[in-house]
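First the structure, in the form of structure tokens, and then the observations on it.
A, B and C are the chain letters, set down in written order, and residue numbers restart from 1 in every chain.
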Amino acid sequence: MRRRVDWLPLLAGLPGCAVLLGLFLLPVGFLIARSVTDPKLGLSNYHTIITSPAYGHAAWTTLWLSGAAVLGCVLLGTPVAYALVRAGDHPVMRVVMAVLILSFLTSSLVRAYAWFLMLGTQGPVVAVTNALGLGKPQLLFNSFAVIVGMVHYLLPIYTLMLYGSLRSIRYELVTAAEGLGAKHAYALRTVFLPLARPGLVNGGSLVFVIALGFFVTPALLGGAQQTMLSQLIAQAVQQFGDFGAAAATGFLLLVASLALLAAVRRVLLPKSARYG
Amino acid sequence: MLAAVVLLGACGGSGSSGGSGGGGSIVLGANGGSYDQCQQSTFIPAFKKATGMDVKYGSFAYDLGAWKAQQESGAVEWDVAVVDASEFDALRRAGWLEPLGVSTKGMLDFPGVSVDNYGIASEIFSQVVTYRADKFGGDPPKTWADVFNTKKYPGKRMFHRNAADMGTLEMALLADGVAPKDLYPLDVNRALRKLDSIKNDIIWYDNGTKMVALIQQGEAVIGAGWDGRIKDLQAQTGGNVVGMSPEQAIARPDYWVIPKGAKNPEGARKFLRFITQPKQQAAFAKCTGYPPPWVAAFDHLPNKSSYAVTPDKLHNVIVWNSNYWKANRDAVTQRFNAWLGGS
Amino acid sequence: MPGVRTPNGRVAELEPAMAGAAKATASGRAARDLVVSNVRKAFDRTEVLHGVDLHVPEGAFATMLGPSGSGKTTVLRIVAGFERPDAGTVTLGGKDLTALAPRARGLGMVFQSYALFPHLTVEDNIAYPLRVRRMKAAERRRRVAEYAGRVQLEPYLGRYPHELSGGQQQRVALARALVFEPRLLLLDEPLGALDKRLRTDIQEQLKELHREIGITFIHVTHDQAEAFALSTLVVIMRDGGVEQAGAPEQLFHEPATLFVADFVGGANAVPATLLERGVHGAHLQLHDGRRLRVPPAQVAPGVGASGDVTLVFRPDAGTTLASGDEHPGDDVLTLAGTVRDVTYLGGKYELSLDGGGARARVHSGAAAAIGATVHACWALDCCRVVGQPDGGG
């Protein structure tokens, strides 16, 4: 007997899928086309980028700053998400949740500028270190400041996304592990953590991809050493009107980040599809 | 970011209304910040009152990518806009400008104030020695050599990271003792060597907002600032917080232009003819702090000496050489960026 | 319901049917009976356990039976250590467990949802409590194989839980709870999610496991048939207290309350007044004025010397009377009523009678027409006198 295909769900999903594909594939198509035709046909844009030390440096900076920001999010946001899942009714946690959601409403420029003032030579952090006799450290215009700004921007995104994923883990499994003789920490490590891993990897991947596109935060809080690829793309477009180079950079960034994500997920999510 | 670039390329500028239609209104390219505010508090209301025409702001015109997208798609948003010298040069070479048809009679005797009837100076823009007056007020720095002297003036110094447009290399060479008349063609190696000597003390900015924030918050104590923005800051904070020295100012005009394909070029010309009147120019200059490019405008300015360029001291400034940069922009920028990225 | 709470002594007298093996392992030391004393527990200021007492002899298969909300699962979780009682103690073999963390109690537990670790294979699930105890790999493998064998899971050791059927998952949960040889196995409605046929199979397996391993099983269910099929001791829970505890036969024949009578077999009930109690029995008066004498053994403990009581009698203990035979004697209870409903039970019928003030069900060899008048009778030594329906609380 022929298997009946249920067309209705497919039809229902069609418009949305078409829009999504259109919004992604079409621009990427334009991007690739532009990168090999502007200003002339060929791979000259790619050649220029690959041989340019400035682009190489920015690529490396982009990768490691984004990676560090993701690490910061994982270290800071994971316990917060866990606390939200386990004690979401507590008044403190309600406040935390409200802060997380509210910080979405603040623009990245305003948040970066807030850190500019916080970490500045006349800011409160330096005032404290100075009062403690630790001197006046240079906190701005270095990788530290950029990472702080990036983590601040990404943390709510990571935490809320992980919160959604952790909430679906049956906490009863941890209870069961403790009933089987495990200490709480051991039960968390051997049961909760492996089940949280897809959420951690997905959340980390998402904020990593967002981090790759940062340019307001490194421009304000970073120095010349913290130039990220997106700043070069913006420069190529705004200052030089060089769409070809911008497109080629954008396409390389896209390919590199997809490849990197695929690799990371392959390593961190073994057999992930096998339990749901 | 990726999507933004691409969408810009695909359907650039379509998001904003072209909207000038008949003779009733014109669309002005935005520049942002205090510059636009000064336009709105001086000649725009005067123009509206005098002509009955409406003036609307479009998107930012200080963005070559936006120009390119509009010209390629044919959806030209602005009727008239201010651009900087490099951008003007790129636009003129691309053939994306309309002739202005505005008389240049009575302009300052300053190089490049008007070019081929396609661009007419909006103001003279200068990079000046800028410092914290509360720190170095007793013996204030005057020259670029002072800015590079970390012993006498210790602390972080600020420079623009766009070397091609913002005179950073010129400053280094002047500090290294090169005479203004021998500046061009630039000895890029020598300039980078000089910059190397203070590289660890430099904080780079790439927009006016960060520049003002750096000196205002004391993150930088000395460096290169924009004369108009610094004057604005002085007005806000009182004269003893931030100081500037007009000596060795690196000056160049910015330009009014009319984009090719503008919907209301006649309205734009009417606008330009109105605002180039001495009184309008003086009012705008008083607000921005940038010197007007018109001799007669200075008659309406009470505090003439505070401007980096005046009709009677035209030659104290170093004129930014647009021809040199026209030819060398890409190559020098690449070298500078490579130097910047290396440790 | 303090008046009918079973005194500990009576439960302790019970000799578990399967206790032979357990007695052998416990020889030479005090039996490891589980004793729950006066345990109280409130959630959000609402008390859900009002002083629960329980005595489960070592080796028993005890089932806590009750409707949802009766507190049976809470008692189980308190025994397991997942909940801390507000008052009272839990001891095992005389050792006080009340303050101990779950892991320190060494009890096995099978959760209602099985709580299998979805990221571990069957083998690793079963091995989990052994890894926790840092058992050597060789011994661990041997033990996992042994317990997987006991529940017929050897072919599935490499699979993940979601690749198993419900019954297989249930067996993994059992093996995992038993593999570290706990002193007590707790089962929280483990058969609830299975279909009826599978449930019968697993009931047999559970009984067999209980016989082989010999440790105490404490099981929670709301299914009376399941409780009776499995248990040597049934504890009937109601509204946060123990209504009655005893062997299934005892609960069936000697219910202490109407609730128990109704819950374990379904019972007819008629209100009556206890006139006096003597050595020959209890003299009752029904509301229609008839007087009856019930043998003394059929008066539930806790019933007073006189006052309002309830007479309960099961449908299967009665018979219908042929017409003309409506007054068979003094030692029977007779009821007449109109047939409202007839249910075929296989081999016999159950008739629902409406006798004006009283309703009753009775089993009959023959069907009856709806609307017909039927006379039914119960021998008085099958009737039981209990307190008023809501006499307790």
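Methods note: a contact is a pair of C-beta atoms (placed from the backbone, for glycine too) under 8 Å apart; a residue touches a chain by one contact, two chains touch by 3 or more.
Here the structure is a predicted model, which means the values were calculated and not measured.
Nearest to the global CA centroid, when each chain is reduced to the mean of its CA atoms, is chain A.
When C-beta pairs in contact are tallied for each pair of chains, A-B comes out on top. Per-chain CA centroids place subunit B at a distance of 89 Å from subunit C. Centre-to-centre separation of subunit A and subunit C, using mean CA positions: 56 Å. Distance between chain centres (mean CA atoms), subunit A to subunit B: 36 Å.
Residues 23, 26-28, 30-31, 34, 52-54, 56-58, 113, 116-117, 120-122, 140-141, 213, 215, 219-220, 223-225, 227, 230-231, 233-235, 237-241, 243, 246-247, 250, 253-254 of subunit A touch subunit B in their complex. The touching residues of subunit A, when paired with subunit C in their complex, are 170, 172-173, 175-183, 186, 190-191, 194-195, 274-276. Across the complex, subunit A is touched by residues 1-3, 5-10, 62-68, 86, 90, 161-162, 165, 202-204, 206-207, 210, 213, 217-219, 330, 334, 337-338, 340-343 of subunit B.
Interface residues of subunit C facing subunit A in the complex, by the touch rule stated above, are 80-82, 101-103, 106-109, 111, 113, 115, 117-119, 128-129, 131-133, 160-162, 176-177, 180.
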